[in-house]
Every structure is written in C-alpha cells, then in structure tokens.
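In what follows, structures are represented as structure tokens.
The same subunit A turns up in both complexes below, where it pairs with subunit B and then with subunit C.
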Partner chain A sequence: MTLLLAAILLLILSGVAALVSEDASHPSASMGAFGAAAGCALGLTAALMVLIGGQTESLRLAWSVPRGAFLIELDPLSAFFLIPTLGLSGLAALYGSEYLQAGGVRRALGPSWFFFNLLVASMAVVLVARNAVLFLMAWEVMSVSSYFLVMHESEKESVREAGWTYLVAAHLGTAFLIVLFLLLGREFGTLDFGGPGRTIAAAPQVSGLLFILALIGFGTKAGFVPVHVWLPEAHPAAPSHVSAVMSGVMVKTGIYGLARILTFLGPPQGWWGWVLIGMGLSSGILGVLFALAQHDLKALLAYHTVENIGIIALGLGLGVLGLSAGLPGVAVLGFAGGLLHVLNHALFKGLLFLGAGAVAHGSGTREMDEMGGLLKRMPWTGATFLVGAVAISGLPPLNGFVSEFLIYLGAISGLHSPAATAVAGVGVMGGLALIGGLAAACFAKAFGIVFLGEPRSGHAEHAHEAGPLMRLSMALLAISCAAIGLLAPRVVRAMSPAIATIAGLTPGRCRDLLTPGTGSLALVVTASVVFLVLVLLLAVLRRALLAGRTVSETGTWDCGYARPTPRMQYSASSFAQPLTDLFGPVLRTERRGSPPRGYFPDDAAFATKTRDVWREELWRRVFAAAEWVLSKFAWLQQGRVHLYILYIALTLLALLIWGLP
Partner chain B sequence: MNPWGFVQVALALLLSPLLIGVINRTKAFVAGRRGTPLLQLYHDAAKLLRKGAVYSRTTTWVFRAGPIVALAATLGTLPFLPAGGLRAVLWFDGDLLVVIALLGVARFLTVLAALDTGSSFEGMGASREVTFSALAEPALLLGLAAMGREVGSLSLSDMSSGLTAAKWFQAAPAMMLAAAALLVVFLAENARVPVDDPNTHLELTMIHEVMVLDHGGPDFGVILYGSALKLWVLGTLLVNASLPVRTSSVAIDAAAFLAGMLALAVLTGLIESAMARLRLAHIPQLLVGATALSVLAIILVLR
Partner chain C sequence: MTNLIEVVLVLVVLTDFFLLGSSRLAACIRIVAIQGVVLGTLPVLGHLDNLTLRLVFLAVGSAALKAVVFPILLFRAMREANVRHEIEPFVGFIASILIGLGSLAVSVWVASRITLPRPVVSSLVLPVALFTILAGLFVIVSRRKALTQVLGYIVLENGIYVFGMVLVGEIPMLVELGALLDAFVAVLVMGIAIDHISRSYDHIDVDELDTLRG
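On to the complex of A and B.
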C-alpha cells in the first residue's frame, strides 16, 4: 500500500514539476514523462504483489467529509485492473516523451504532462477508493484531466467539438453515478464500501435500479452502445499516447466500476445477465461495423474499442447469468474471459494506437487512403502493428484469442445447460463468431491498406520510422501480447483471486472451477506452439528449396495493362465496400461525388462519410429537445455572481426548512 | 491423447490432393471429357516445388510468409480432427474453436499476402474473401454447436464418435439442417461453385484464385497443397456430421469415412457441373441463409 501511495504521489509531483517548469525545453517536459514511467513501475510492483500474494491491504484515514473516512483498499480485483492501467500508462509515457517532442507545432508541453500524470494518478485512485466521495472526486479528476488532454490541439475545430461532446457525456454519466452512490450509501448506512464480501440486503427492485444506474453511469465511460457517442470522437482527437491510455485503460474504469458494484448487489438477477449480453452483442457488432466504414486510422481503432468493450460485456453477462442460474462453472469462465479481455485489450489496443501515432507522425496523415507501403519505410512499427492486428482479430497464437476463447468456453458450458442458459450461450457464440470475422476483415484492411502495397500519396512515400523510445514501447507491448497468448493457463491461474472477488466465490473454489478451463487453455497453447514450430519448419524448408535457384524480381501482375499507378490499388473504402453495402441500412454511409462523364473525363470525385447513427438520429434530437426546454429557464442565468450566491443561499434555506423536524 | 489419431493425420496429408482430382474427374465425366489424371495435383505441386521464384518489387516479407503460415495453420488443425469414429490425437470440449481459429489465421495471412502485391485484382479477391468468410463463420460455428448440444460436448472428437446412427435419426431434422449449412460453408470456404469458380479465367470474377495470382514456384506449390488440405479439413467436418456410421469395428468406420469423403468430392463435382456461379451480390444471401439453417437446427435441438 505504501508503495502504491508513493507511486501516486510521484505521479502527481512529477506532473506539477512539469507544469511549473517555465519553458518547454526537453529536460523539464521529460521530467513529467519519466516521473510517470517511474510512478507506474512502482505502482505496478505493488499491484502484482497483491495479486500474487492474494491478501488485501487497506488504509483508513479520518477526514472531514461526513459519513465515512478516507478509505483506500487494494484487493485482488483492484490490483488486477491496476496492472494494465499502470503498465500501459508507463509505456505510453515513454512513447509520449518522444512523440510530443517530435510534434510539428511548438507548444508548451508542461500542461500536457501535468494532465497526463494527473489522469494516471486519478485512475489509480479510482481503482482503490472505497469511499463514495473519494471515488467520485477521483472520477471527476479523471474526466477533466482527460478532457484537457483531448484538447491538446484545441486550435482545430473538430478537436474542440470532440472535447465538448466528451465533457458533456462524462458529466451526464457521473450524474447517474452520484445517484447510484447516494442510494448505495443509504442501503449501507455509510459512504464507505471497504471490507470483503459486503453486500446490500435490498428488495430486488432496488438492486435492479442500482444495477441500471451503474450500467448507464459506468457504461457511458466504458462506451456501450448507444452511450458510446463521445468515444469515437474524443479518442482520435487526443495525442496518440493519450488515445492509447484512454482507449486501452481509461474506458476500463467503467468496466471496473460495474464489476465492483456487482459485488455489492448480492446475488444477481437473471435479467441483468441478459441486459449485459444484449449490450455486448449490440456494442460488439455495431462497433466493428462502424469501424469497417472508417477511413481515418485512429477513428477505426476507436470504434474497435466499442467492439471490444462489447466482448467484455458478453463475458460479464455470461458470468452474471451463470451466477443467477446456479451454474458457477459458466460464471467463472465468463468472468475470466471478460477480465482477461480487459487486460488483453489494454495491451493490443494500446499497441495499435501507439502504432497509429507512429504512422500519423511518420507520414503526416491519418487518412488510410493516402497511405500504403509503409512496412518498407517503417519496418518496426509495421511488424508490431501486425502483432496487434492479429491479436485484436482474436487469432491464435496471441492473447486476443485466449480471452475470447474463455468466453466461448463459458458459452459452451452454457450450451450444455438447461434451455434458457443455452440460448444465451448460442447468442454469445454466434455473436462472437460474427464479431471475430468482421474484426479480422477490418484489420486485414487496416494493416493491408496502411502498410502493404505501394504508397498512395507523397505522405506515405516519404514516411519515416519512429524514434527508439517509441519503438521500445511498441515492442514491449507486442511481446506482452505474445507472452499472454503462450502463457495463458498461468495467467488465468494468477488472476483467479480477482475472478473470485467478482464472482463472490472463495479463491480455492474459484481455482477448482477454473481447472477444466485452464486445462483446455493448455491444449490451446500446445496447438499454438505446434503451429509456430510448423511455421519455422516450413520457413526453413522454403529457404532450402530456393537456395541456389533463380529468384528474381519484377512488377506486380497487371493483367497486361501498360501503365499501372499506385492509385489503382484497392483503397480502404473499396476493400470494406462489400460489407458496408451489406450493412448499409445500419451504417447509412453518405456518398458524395461526381462520376466521370464523356469520352475524355477530366475530373471525377468520390467520397464517403459514415457518421455515427446514434449521434445523428438519437442524441442530436434529444439534445435539441433539452435545449428547447432549458432555454425557457435562460432568465435564471444572469451572469452576476451575487445572484448565484443568492440562489445557493435560497436553496440551502429551503433545504433547512424541509429538514425541520 | 490418442496415438491412433495420427492415422487420420497421415490420411489427410496423403489423400487430400486426391479429392481435388476426384472433383475434376467428376466434372470431366459429366461434361463428356476425359479430364486430368486423378493424381494431377500431386504432379503440379511436386513440379512447382522444384522451380525458382519470381517476386513483385512491391512485396515485402508478408508476401513470402503468407503461404507458409497458411499451410502451417491448416496443418495445425489436423491433430484436432477426428475421422468418423476415430478420435483425433488431441481433444477437449471446445476444440472446434481452435480449428476454426487456425483456419482464420490461414485466411488472414493469405489476404494480407494478396494486399501486399498492391494489385487491384488481388485487393478485390481479398475484399471478397473477408466478406464471405465473416458471414460463413457464424454458420459453421452454430451448425456445429447444434450437433454439440445434441451430443453433449463441443469437442470434434466427442461429436464425431458420439453421433451414432440412433442419435442422428432421433434428431434427424436438426442434423440435416446443420449438415446443409455445413455443406454451404464447405463450398464457400473452399472457393467452389456456387460461391467461386476454380476454373474461371477472368481475374475480375475470382475470389480465391485471384488472391494468389502473384505467387509462383514453391510458394504456389505450398498454396495448392494448403487449399487441398483445407478442403479435406472442412470436408471431414461435414462427413463426420452427416454420415453417422459408428460401429465397433474400426475398419468399417474408416472405410465408411473414406467412402464419405469420396462421395463428397463426387457431390462437389456434380454441383459444379449442374449449376453456375452465383452473382457476387447474391452470395451473402446464400451465406446468411446457411446461418439461418444453423439457427433453425439449434432451435430444434434446444426444444
């Protein structure tokens, strides 16, 4: 615990140091970055010790806030979430120290590092806070510091709009959380939620209401459809190392909150599981479909975050359903898959966003249709991006497959159960299969169009490789993806205390229930190793066959066409077109352009844009209506401070009168 | 672990190119031609392995890795593949996911290798491949899940040896629906009519063949062999599911399985002779239809 507190303190102090240092010269700004990295390493050690040791550490200090104490607690579930949070943030800080220096526009970097370190520290506090007020304060700091990070390039209008949407969404979500914690505090009789196995004893309607509040409040942060609309705008707008942290771990605080609240609510009701599975299916499928339609690389990755949050929700949903149906075997597999996917998604999405940043920085564009052939110009970035792409597509031998496999296993044991759970199992299996196929299509597009083929523009032609620190961060993330893929049974056993916490089981029982799953995972790893050995053998064989034979180079087969140009290549939009056409009614892609006319057409143009349907069709209307209603109260807002103080005084007076016995 | 399962692995390695020969001879017979020798694919692959190679200047190591990774992934499925009543080398509840995922790896690398050439033809093929396979995947998984629910395990080996004739006929409507879905997936994934035409000579209309246009020499030999192996793998799934001959005698079971594989090859040849390729725009309907059949099968077994 001391270690973790030291880490949080180091994060905040180095952030302040970066802020107060006057000029944005190299040493002062890198103080923020290396302070962040060192703080994350410290905190990571603390979290790993708790997860492996299995015991809970806590710290209680008196403070002046009523109905509770300053209470923080590091239990296996918190420790499990801290590991990706601090691990990815530390690597992102290393990456960012180089990435921000290299940015085109000169600007003071002090504030950027201040908010970055504050964001990491507040995420850590969110994960260990056991007092409602402390939690909400950290939550708010997290939202606001990430808002300032999103606004890094605030001279662009699109960035300002994205930041604004994010700020509004974050606070609407928090509003639900405040209600949630007040109701929960009423049930508990205190605002402290520490200690193992504390559950409320409330009527099913009350716990159902609490579940819905948590789902909306935390779901907004996590990015469930349809409250995801801020996510695909805010994540791409931020600098890439911040995008990695936001997409990789900040959204996971929403998952953490949901998981933590579930442990308070007592035995779950069946419909919670169905709601989570429904959320998971819609987020997963719609997320990947909208990702397919994007041609901005970072927007594509942001929509994939929605998809992966959906996969995590599928795991949690199976877990909740398993618990409520009295099938702990289904439950632990679902929770194990969901939690492991939290870690895995942090790793590969972090890696992909860092890769996208390196590409954007090396080529000067994020538009996929202007890229191509970058693997030759950026071999390191390309190779690590490929690792991330295979991992996120859920393909062996990497980590993405392992966590999806666990969720599949949960669905399979659901399938062997009585009909109601079996239907859920079938839904999860079918949904995951479709999501997996579409994700593979999307990342074949992302990697293929960006890194393979010929450059489609001067941007791509003159791209250059990222610097050593950026490459180091990406390489470490890629190695972690492979390591988790190949050490899966050990990883799952190590995280079983966290699974036990969320499933409300004893660690021993949880480990027993996981044994068949880890046994299957061991065979999966065997298959992966066999596959890798075969690849190696075939590569040696191929080399031996080609040794001493003529191996020559020529142009690509062009069907006899005399003057091929790189512009004739399939583009990101054309690659995805069969799928986007097929799902056109959902995507509502706008097409603009003028087709070629006449025998000698001089100009022709074509452009597509896929806006978020939920934002356009649902939220725009809701907010227009809200604006109309609220404009009726505009007379209250005079802009005079003394009037506002009067409002506060009147409100307090009214409350006092209302509270009179 | 079942050491006898290696027999099935050996059969797959040796006999898979023969299936292509049977399909082609069937088509030739129906068309009144003499056709290529049954062992033509063995000769083709052997000849290609003896050749040098020509690479496009555009390509990178991804292009060179594509064929061998695809073959390695397809080979990697064999230890989990049972043959009729004969169990696979390895099995566990859910091993079919490993088989499907490894086939996914093979496809992913083939698609990337195609995109690596920078050719718009190969881009087209790659785009179609990912589209159709994304739609075929739920059909395959749910079709197998229907059988798994009936047998009580989603291990290919358990499903195969547990699917006795009695059990099959007891749930005949569901089994037939699932088998029909698997047949569609088998044809789609192996680039056969009505989804793709292996004989076409126009790059614009191809799917699988156009993705491998730029490969030559040993790489192309590896691709041909890998495709034959994939045909064997998916064919095995279909034959296991639709031919429930499970006796106490291994010899009878094995003979029935091999006869089933040959019959499947003949059936494929007959389908290719009897009908033309669908328009590309209509293929998704076929695949979604197959998914619908799988879902119906599941509803029947869940009832």
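On to the complex of A and C.
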C-alpha cells in the first residue's frame, strides 16, 4: 500500500514539476514522462505483490466529508486492473516523450504531461478508492484530465468538436453514477464500500435499478453501444500515446466499476446476464462492422475498442448468467475470459494505437488510402503492428485467442445446462465467431493497406521509422502479447483471486473450477508452439534454398496494361466493400463521386464516408429535443444579476416556508 | 440584559428600514456602518456574565471592520465612480418600505413557526435575523448601482451574524473569523470591481451589464 501511495504521489509531483517548468519544453517533457514511467513501475510492483500474495491491503484515514472515511483498499480485483493500467501508461509515457517532441506544431508540453500524469494517478485512485465521494472525485479528475489531453491540438475544429462530445458524454455518465452511489450509500448506511464480501440486502427491484444505473453510468465510459459515440471521436483526436491509454485502460475503469458494483449486489438476477450478453453482442458486432468501414487508421482502432468492450461484456454476461443459474463452472470461465480480455485488450490495443501513432508520425497522415508499402520503410513498427493485429483478431498463439477461448469454453459448458443458459451459450458462441471473423477481415485490411503493397502517395514513400524509445515500448507490448499467449495456463491460474472476488467464491474453489479450462489451454499452447517451430523451420529452409540465388523485384503482371501505378491497388474501401455492402443497411455508408464516362474519361472521383448511425440518428435527435424543451425556459435567463439573485431569494424563502412544521 | 439586547435588535430593524428608504448613498453607507457597530455589541451583551477575552476581541474586531474599514473602502469607491444617489431603482423607495413591512410580517410569522433546538435570549432574535437577511437580499435585487448592492451584501451578512451569534452562542472562533474575512474580501473585490466598471463604462449601473446572456 505504501508503495502504491508513493507511486501516486510521484505521478502527481512529476506532473506538477512538468507544469511549472513549462518554458523549457525539453526538460519538462522528460520530467513528466520519466516521472510517469517510474511511478507506474512502482505501482506495478505493488499490484503484482498483492495479486501474487492474494492478501488485501487497506488504509483508512479520517476526513471531513460526512458519512465515511478516506478509505482505499488494494484487493486482487483492484490489483488485477492496476496491472494493465500502470503497465500500459508507463510504456505510453516513454513513447510519448519522443512522440510529442516530434510534433509538427511547437507547443508547450508542460500542460500535456501534467494532465497525462494526473490521468494515470486518477485512474489508480479510481481502482483503489472504497469511498463513494473519493471514487467520484477521482472519476471526475480522470474525465477532465483526459478531456484536456484530447484537446491537445485544440486549434483544429474537429478536435474541439470531439473534445466537446467527450466532455458531454463523460458528465452524463457521471450523473448516473452519482445517483447510483447515493442509492448504494443508502443501502449500506455509509458511503464507504470497503471490506470483503459486503453485499446489500435489498429488494430485487432495487438491486435491478442499481444494476441498470451502473450499466449506463459505467457503460458510457466503457463504450457500450449506443453510448459509445464519444469513442470514435475522441480517440483519433488525441495524441497517439493518449489514445492508447484512453482506449487501452481508461475505458476499462468502466468495466472495473461494473464488476465492482456486481460484487455488492448480492446474488445476480438472470436478466442481468441477458442484458450484458445483449449489450456485448450489439457492441461487438456493430463495433467491428463500423471499424471495417473506416479509412482513418485511428478511427478504425477506436471502433475496435467498442468491439472488444463487447467481447468483455459477453464474458461478464456469461459469468453473471452462470452465477444466477447456479453453474459456477460457467460463471468462472465467463469471468475469467472477460477479465483476461481486459488485460489483453489493453496490451494489443495499446500496441496498435502506438503503432498507428508511429505510422501517422512517420508518414504524416492517418488516411489509410495514402499509405502502402510501409513494412519496408518501418520494419519495427510493421512487425509489432502485425503482432497486435494477429492478437486482436483472436488467433493463436497470441493473447487475444486465450481470452476468447475461455469465453468459448464457458459457452460450451453452458450447453449442458437448462435451456435458457444453453441458448445464451449458443448466442455467445455465434456472436463471438462472427466478431472474430470480421475482426480478422478488418485487420487483414488494415495491415494490408498500410504496410503491404506499394506506397500510394508521397507521404508513404518518404515515411521513416520511429525513434528508439517508441520502438522499445511497442516491442515490449508485442512481447507481452506473445508471453501471455504462450504462458496462458499460468496467467489464468495467477489471476484466479481476482476472478474469485467477482464470482464470490474462494480462490481455491475458483482455481479448481478453472482446471479443465487451463488443461485445454495447455493443449492449445503446445500445439501452437509446435506450429511456430514448424514455421520457423520452413523460414530457415527458405533462406537456405534462396542463399545462392539472386532475388529480384518486378511489377505484377497486369494483362498487358502498359502504365500500372500504385493507385491501382486495392484501397481501404474497396477491400472491405463486399462486407460493407452485405451490411449496408446497418452501416448506411454515403457514396459520392462521378464514375468515368465516355471512351477517354478524364475526371472521375469516388469517396465513401460512414458516419456513426447512433450519433446521427439517435443522439442528434435526443439533443435537439432537449434543446427544444429547454428553449422554452430561455425567458428565465435575462442576463440580469438582480433577477438571478431574486430567483435564489424566492427559492430559499419558499423552501423555508415549505419546511415549516 | 434582555432589554438591552432587544433595544439593539430594534435598532437593527430601524437601520434596515432606513436603508430601504434612502436614496443618498453616503447616508446608506453610514447607516450600514452604524448597524455594524450596534451588532458588534450583541455577543458582549449576550454573555455579560461569562465574558471572555475572545468575545471582546471578536466584538471589537467585527465592529472595527464594519464601521471603519468598509466605510472607507465604500466612500473611496463612491468618489472614484462619482455617484451620489441611487436614481430610479427598480422598485421605488416608498414601495421598498412597504415590501420591507411585508417581509417583516413574513419573518415574524415564519419565526413563530420554527422550533429552535435551544432557548434564545430574546424572542425577537429570530424575526430580526430573518428580516435583515431578506432586507439585504431585497436591496441586492432592487437597486441599480453596484455600490448599493455591496451594501445589501453587508446587510445580508449582518443578518446571518445575528442568527448565528445569538442562536448558537458559541460559534467556533475560526468560523466567525472566516465569515468576517469572507465579507471583507467581498467588499474589497466589489470595491475594486466598481472602480474598474466605472472607468470602463462611465457608470456603475449593473442592469446595463447584461450582454453575457445566451
């Protein structure tokens, strides 16, 4: 606990130091970045110690806020979420120290590092806070500091729009959380919620209401469809290391909140599981579909965050359903898959965002249709991006596969049980298969268009490799993806205390229930190691065979056409077109352009744009309606201070008289 | 000592009415200063049998602030802004006094319905406190010059002072000092603001500062 507090203090202090030494941009950047990295390393040690040791540490201090204490607690669940949070943030800070230096516009970096370190510190506090007021305060600091980070390039209109959307969404979500914690505090009788195994004893309607409030409030941060609209706006707008932290770990605080609340609500009701699975299916499938239709590399990754949050929700939903149906085996596998996917998604999505940043930075554009052939110019970035792409597509032997495999296992073991759970299991399996297939297609597109083929523009032709620190953090993330994939059974066993906390079981029982799952995982890992060795042998054989010969490059045979150009390659939209056409009614892609006409056509153009359906169709209308209603009250706002004070005075007087006995 | 306390309370009510009915700013500043001095005696009168150094210090300090420092600041602001009269308030002076009478009635009625956790020195305390708060709020709402609004703010604070001083009796020293500091800073800031407003706009009429509405 001392270690963690020291880490949080170091983060805040180095952020302040970066802020005050703002004039000289270089020292401030290194102070902020290396302070963040050091703080994260310290905190990571503390979290690992708790997760391995399995004991809970807590600290209670008196403070002047009524009905509770300054209570923080580091239990296995918090420790499990702290690991990706601090790990990815530390690497992102190292990456950012180089990335921000090379930005096109010179600007003071002090504020940027201040808010970055504040964001990391507040995430850590969110994860360990056990008092509603402390939690909500840290939650707000997290939202606001990430808002300032999104607004890094605030001179751009699109960035300001994105930041505004994010701020509105964050505050609407928090409004639900305030209600949630007030109700929870009423049930508990105190605003503290620490201690093991505390549950409320409330009527099913009340706990159902609390669940719905948590789902909306935390779901807004996590990015469940349809409250995900801020994600595809804010992630592309932020600097890449910030996108990595926001997408990789900040949205996971929403998942953490949901999981933590679930532990308080007592035995779950069946419909919660169904709601979570429904959310998971819609977020997963729609997220990956919209990702397919994007041309902006970071927007594509942002939609994949929605998809992966959907997968996590599927795991959690399966777990809740298993608990309510009295099937601890299903529950443990579902929770294990969901939780492990939290860690995995942080690693590979962080890696992919950092890779996208390196690409944007090396080539000067985020438009996939202007890239191509970058693997030769940026081999490190390309290789690590490939690792991330394989992992996110859920292919063995990398980590994305492990967590999805656990969810599959949970769904399969649910098939032997009563009809309702079996139906849910089939739904989860079908949805997960569809999501996995579409994700693989989407990353075939992303990797293929960006890194393979020939450069489509001067941007791509003159691209350069990222600097050493950026490469180091990407490489470390890629290695962790592979490590979790290859050490899967050990990792799953190590995280069993965290799973036990959500499932309300003892760690020992939880480990027993996981044994069949880890057994199958061990089999898969062995098979993938054999496969890898075979591939390696083939590669060595190929190299040996080619050793004595000359290898030359030539143009692709193109049926005799005399003037092929790189622009005749597949583009991002044409590669995905069969799939986007299939799902056209959902995506509502706009097509503009003029097809070539006549025998010697000169000007032809084609462009597609896929807007977010919910933003355009749902939220725009909701907010327009809200504005219409609120405009009826505009007469109240006269701009005169006298009148405002009169309102206050009259309200006070009315309250006083109303409160009379 | 109840008689003396009631005399003080009646004086407070009278000064409130004077403020509601007067258009001359200089007179208003003086009457608010007098109200401050009169109020300063309240804690001493309320605890004559167990007088402590702390209470005396508090009484002298608050009276000095309200009777010397505030008037100096306000007179300076008046000179700088070159205003002498509250011209054309939103609510006329006769109407203000009538509304004052009405709110006095409301205060007495409300006070009679409130049950207090502990006995009060005088039954007049609660209505006078409520009335002074309402009068201060009314001055803030109904007057046009920023200077008069500052006066309303001080009177509002005085009302809270009456409420707290006699009702609770032993307000923690720190809280009381905090409230005084609050009022002091408010007057100082408003004084500076008035100065700047009058320099930038040639007037201190707050009702013309409404361009910030949406």
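We take it that the second predicted complex is superposed on the first by the 621 of 661 C-alpha atoms of A that agree within 3 Å, B and C clash if a C-alpha of one lies under 4 Å from a C-alpha of the other, contacts with A are read in each partner's own complex, and residues count from 1 in each chain.
The rule is short, and it goes like this: a contact is a pair of C-beta atoms (placed from the backbone, for glycine too) under 8 Å apart; a residue touches a chain by one contact, two chains touch by 3 or more.
Bear in mind the structure is a predicted one, so any value in this text is a computation, not a measurement.
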For this session: Once the structures are superposed on A, label A:R592 by its partner contacts, choosing first (subunit B), second (subunit C), both or neither.
Result: neither
Exercise. Looking at the overlay, what does A:Y408 touch: subunit B (first), subunit C (second), both, or neither?
Worked result: first
Exercise. Does subunit B (first) or subunit C (second) touch A:K632, or do both, or does neither?
Worked result: neither
Exercise. Can A:R563 be said to touch subunit B (first), subunit C (second), both, or neither?
Worked result: neither
Exercise. Counting only touches as set out at the top, which of subunit B and subunit C does A:L579 meet: first, second, both, neither?
Worked result: first
For this session: Name the chain, either subunit B or subunit C, that contacts more residues of subunit A.
Result: B
For this session: Answer with first, second, both or neither: which of subunit B and subunit C does A:A440 touch in the superposed model?
Result: first
Seminar exercise, completed: So the subunit A residues that subunit B and subunit C both touch are none
Exercise. Which positions of subunit C touch subunit A when the two form their complex?
Worked result: 90, 106, 110, 113-115, 134, 137-138, 140-142, 206-207, 209-214
Problem set entry | Residue ranges of subunit A in contact with subunit C within the complex | 634, 637-643, 645-646, 649, 653, 656-657, 660-661
Exercise. In their complex, what parts of subunit B are in touch with subunit A?
Worked result: 49, 51-60, 62, 64-65, 68-69, 71-73, 75-76, 79-80, 90, 92-95, 97-98, 100-102, 104-105, 107-108, 111-112, 115-121, 123-124, 126-128, 130-131, 133-138, 140-142, 145, 148-149, 152-154, 203, 213-214, 217-219, 222, 280, 284, 291, 295, 298, 302
Exercise. Which part of subunit A faces subunit B closely enough to touch in the complex?
Worked result: 372-373, 375-376, 386, 390, 393-396, 401, 405, 408-409, 412-413, 415-416, 419, 422-423, 426, 429-430, 433-434, 436-438, 440-441, 444-445, 447-449, 452-454, 516, 519-520, 523-524, 526-527, 530-531, 534-535, 537-539, 542, 545-546, 549-559, 566, 568-570, 574-579, 582
